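There are two complexes below, and they share chain A, which is joined by chain B in the first and by chain C in the second.
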Partner chain A sequence: MMPKDRKSDIIVSYVLIAPAVAFMVLFIFYPILYSIILSAQTYRLGFRTRELIGFGNYIELFKSADFWNSLQITGIYTVVVVIASLVLGICLAVLIHQRKKTGMIWQIIFFLPVAATMAAMAIVWRFILDDNFGVFNNLLRALGTSGADWVRNPDTALGAVIIINIWANAGYTMVFFLAGLANIPDELYQTASLDGSTRLQDFRYISWPLLSPTTLFITIIMTVRALASFDLIKVMTNGGPLKTTQILSLLLYQEAFQYFNVGYASGIAVVFFVIVLALTLVQMRFDTRIHYQ
Partner chain B sequence: MKNKNCWDYLSTVFLCLLGIFMIFPFVLMVVTSLKDSKEIMITGLNILPKTPSFKNFVTVFQKTLLLRYLFNGTVVVISILIGQLVVNIPASYAFAKRKFPLKNLLFVAVLAALVFPKYIAAIPNFLLLSRFKLINTYRALILPSIASPFCIFLMRQYIMTIPEDFFEAAALEGCSIPKLLTRILMPMIRPAIGSFTIFSIVSHWNDLFWPLIVVNSRSMYTPPAGIVFFADAEGASDWGAIMAAALLTIAPLVVLFLSNQKQFISSLTSTGIKG
Partner chain C sequence: MKKWVIVLAFLVASTLLFGAAVAETKEKEIQTLVFYRLSAASHDAYCLPLMQAFMEENPDIVIEDVVVTSGGYEALASKVLLANAAGTPPDVAMTGYSLIKTMVESGNAVDLTPFMAKDAKFNTKGLFPAMMDLGKFNSKQYLIPLGTSTPIMLLNKDLFAQVGLDPDNPPKSWAEAEAAAQKLKNAGYMGILWGWSVTGNWIFQTMIENAGGKLATPDSKTVMFDEEPGLRTMTYLQDQVKKGLMPVTDQTLATFATGKLGMLIDSSYQRVNTPKMVNFPVILAPVPTPTGADPLVPAGGNGVMMFAQDPKKQEAAWRFIRFLTEETASFIVGEKSGYTPANQNVIEQLKVKYADDKNFAIALSQAAKVIPWHAWPGENGVKINKIIRDMQESILLLKETPKAGLSRAAAEVRALL
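Presenting the complex of A and B:
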């Protein structure tokens, strides 16, 4: 028999966590399980038929050219955005770190796109890249080359949204690298400079190796962030032209909420979930390695 | 020495060029919002308005429901924030300072929920909300976001650093749990609450995905959904007015950022786990 005190203590603890657990079960855990169940059904909103078909949706999914196209675009998009934001972020951080007086101003400038509402900024970018009176084409014409309809041309649309996503994320990675640099003791650089080390050598032999845990951490967060991007592409291209920018989140949105293909879309959601889960497991593996070094 | 100057010069040029690239859309948005619609159509590189006027802002307020969108957005982000704090702080206190059966298992579930992307839950949440006839209501925009494993995680980390003595002393004095939470705990975790507040406001004010799913009438749009609707359907290439609306949409967060830069940056990044 437990002492009475202890028992009421436990009850109090459960009362404290109950609301949070209830919300998480209702809006996170139950939906995930239900998604898996839905993905095994033929289910279209507005239709009466709804039957269990096992892996039918997945078979259809893996046969669909749209799905493979979307997976490929998501891959290209994610890899380019992650690498470019990382490289740009580390360059910015190294340059800004040296500027003690103006550092904060530079940080504000580069972080501004992170703070601004992406949907609104995507519209501004649409205006900049507009075929007829966009500033970018005007500039190109003034320089003597002809412009293009960047967002509506299948050859350039993906490139355009990638560059704008880099614009939106460089400041984000920069801040992490700045925090990483701030943790490297100044003495290391002072000692190195006594030995006649150049800036490039400083970076190569001091900053870069000591930043490696930061770099790894940011690679993972940026990957998840890029995989999850939706707003920018939804507003700028809506997946077009010719599905050249149809990343996975957008395919899911369109199948589920435009065509109401609930079963099929749930299959996409599950695939999406598995990809993110796999990435997280990789991250955890790397994490333990760093700590034990 | 000469080498050093050269490097400084080059790196400054590099920073300035990139800085211009970063700032340019904002500058263009502001100047275009002050331009006459005919002037915008004239091709050229004259970025500055000839005769700046606030006509576009008048148009936006007369022709669109932007005020309504801003009001909706404010109601939604504030309700979500209050809901998240009220629901999750007691739980984070229990996870940080109390012992109870299954605690570790439940906390692992919280950590797992932290990494789930929002897309996986979207379809069932939509079906659930429509079953309860909540589509197109504030509740549909608010309720799913109140579940916040991230809030639990962040608060718990912070509460764990508070020495045991405070809680023991409170218990000895016969302090009730609600009083303990509101009078002792809340003031002590103010920095964590501040950090989470910025994170929560930014992510929900900016969100376009969820409002597109659960809202289907203009009067319920939040600012991001509203501005996209304006640009795609209503605005009909009236770029001056569209830019004015975009400016008003981003203004609250930009003001919050500029008045609070350091905390803003650290809150959006210390919380980097959840992008």
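Presenting the complex of A and C:
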């Protein structure tokens, strides 16, 4: 028989977590469940009738060239953005970490794009890169080179949005790496310098291994951010030209809110959810391997 | 005894106060009308005065507007459908002509025919039949036109004069337009920009219709844009790009505003707004056609539809919709926006009042001759529009030949239909 005190403790615990649980059920689990239900229906946004079709939306989705095109573009976009943001972030962090006096100023400068609204920045970038009146092309022409239609050329559009996303996120990864570097004891570097190690060796044998937990954490966060990226591409290219920047989140938006095809869009959402969950679980398997005691 | 007097006095006073409050409330009973609309400087310029004027004439109704600031008519339609799905539909909503079918097929739009029939104050005969027909679906009136626009050419008068072209004698045919564009290009400017990216493939439809073709039969059962007129249209446009006469951009107004583009084919809706945002005089002219004949012009613009389900709300909504066709509202639309109202009497008065304004005269004369803006039926209408838009972009970016692009797009559209 449970002691009365213990029983009341348990009740109090459930009462205290009830609001958080209610929030999670209402805003996370219920929408996921309802999306799965919607994905089994032909439901058009706002329409009064709907029909249960089982896996019909998924069959149509996996036969769709647009879906596979979007998946491929999302994969390329995510891999490049994550790797480049990590590399740039850690380089900035290492350089700034060495500057005791001006470090804070550099942190603010590189963090500014993170703090700004992505949609607003995208509008500005679109005008900067415009072929007919953009500042960037005017500068290139003044320097004697020819400009280009960076955002409306199918060969350069994806590269342009990737570079802008890296610019917007490098400061984000930099901040986490700076925090990671700050946690590494100075004594390790001092000991290594007594043995004659160079800065590169310090980084390779001390900083990089001890930053593993930070790196894994950032990789997971950046992967999810890149996969869920929407506002930059929606404003800059809207998935064009010729669907060369049509990532999966944009395809989902178009199907739901431009074509009003909510059932089909929910199918995309469910597939997307499974992909993101799988990637996150795979990455988290490395967690136990990278913590040093 | 004293206590009872006090209690009685209190009861009498409370009753009097309560009664007065109820009487006052009943006298001031105000109906709120929820109106979904587009919002931008150009739309606010006529919408805000319209709502103000209506509320002044109808002090028992307050209009609460919900705005959509980007994404055009599709975004507005999406918001309306979402509100319907949530069980909180707007009472009245602005709707683009090409989206009437989607709204009606959703089952949420209210047939206005009974309201028109029983309201003696509603003057159907005073409204332009061609514009009223735009709001019909299956012979029922679902949309009352608020304002209509037509494809038109905007000329940079200064640029024209600078390169030796006559701005008062604009190009009428495709060949003349090309020659003028060439002259502009030789002087280091951009020649012409056909608004291929305008929503709903409006300019593409204009060009095909004037080349003797159609996007499809009126019931959309036969797709026709891949036939000879369509091929001729896209070949002409691709040639303009290849010859460096036309930039490939969807930033039509921003490009025109730089002052380096001579001719822009866009909407007569730009009559009021564009001259304000540029620092050169703008002339409107009819869209050039293959032979130079007067152009056929599909109607653009929007109207209002009713979504209120409660009879009391429907009555208030109908009063607002009827107001929008009357003289006060029609003058506001005609003078403060680039749209042409549906009220025939007001159009005649505007023609007299602004007889010296050539831009206004062209916009008014074209609005009287509109043909329907093709609306694709069924659940894939918006997707079909995107396929056609992407096809144009692909051809203009020289990724496909006109024939290959048209054939591919037509096959995709037929599959969706």
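One rule holds for everything that comes next: the second predicted complex is superposed on the first by the 254 of 293 C-alpha atoms of A that agree within 3 Å, B and C clash if a C-alpha of one lies under 4 Å from a C-alpha of the other, contacts with A are read in each partner's own complex, and residues count from 1 in each chain.
What we mean here is this: contacts are C-beta pairs under 8 Å (C-beta built on N, C-alpha and C of every residue); 3 or more make two chains touch, one makes a residue touch a chain.
It should be emphasised that the depicted structure is a prediction, and the values quoted were computed from it without experimental measurement.
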- Following superposition onto chain A, is the placement of chain B relative to chain C best described as a clash or a fit? clash
- Query: Which holds for A:D202: it touches chain B only (first), chain C only (second), both, or neither?
  - Reply: neither
- Who touches more of chain A, chain B or chain C? B
- For A:V224, decide between first (touching chain B), second (touching chain C), both and neither. first
- Figure out whether A:F257 sits in contact with chain B (first) or chain C (second), or with both, or with neither. both
- Item | Which of chain B and chain C A:V12 touches, first, second, both or neither | first
- A:D66 contacts which: chain B (first), chain C (second), both, neither? neither
- Query: Is A:P241 touching the first partner chain B, the second partner chain C, both, or neither of them?
  - Reply: second
- Query: Of the partners chain B and chain C, which touch A:I123 in the superposed model: first, second, both, neither?
  - Reply: first
- Check the residue A:D131 against both partner chains and state whether it touches chain B (first), chain C (second), both, or neither. second
- Query: If the two structures are placed on top of each other, which part of chain C overlaps chain B: 8-16, 26-34, 62-70 or 314-322?
  - Reply: 62-70
- Where on chain A do the contacts from chain B and from chain C line up? 127, 132-133, 257
- Query: Which bits of chain A are touching chain C when the two form their complex?
  - Reply: 44-49, 127, 130-133, 149, 152-154, 240-243, 254, 257-261
- Item | Complex contact set, residues of chain C against chain A | 74-75, 77-78, 80-85, 102, 105-108, 190, 247-251, 254-255, 258, 260, 379-380, 382-383, 386, 390, 393-394, 397, 399
- Message: List the residues on chain A that touch chain B in their complex, please.
- Response: 9-10, 12-14, 16-17, 19-21, 23-24, 26-32, 34-35, 38, 88, 91-92, 95-96, 98, 104, 106-121, 123-128, 132-133, 135, 138-139, 141-142, 167, 170-172, 175-176, 179, 199, 217-218, 221-222, 224-225, 227-228, 230-231, 234-235, 249, 252-253, 256-257, 262, 265-266, 269-270, 272-273, 276-277, 280
- Note on the structure: The chain B residues in contact with chain A across the complex are 7, 11, 14-15, 18-19, 21-26, 28-29, 32, 40-45, 47, 86-88, 90-91, 93-95, 98-101, 103, 106, 109-110, 113, 115-128, 143-144, 146-147, 149, 152, 177, 202, 205-209, 212-213, 223-225, 227-228, 231, 239, 242-243, 245-246, 249-250, 253-254, 256-258, 261-262, 264-265, 268-269, 272-273, 275
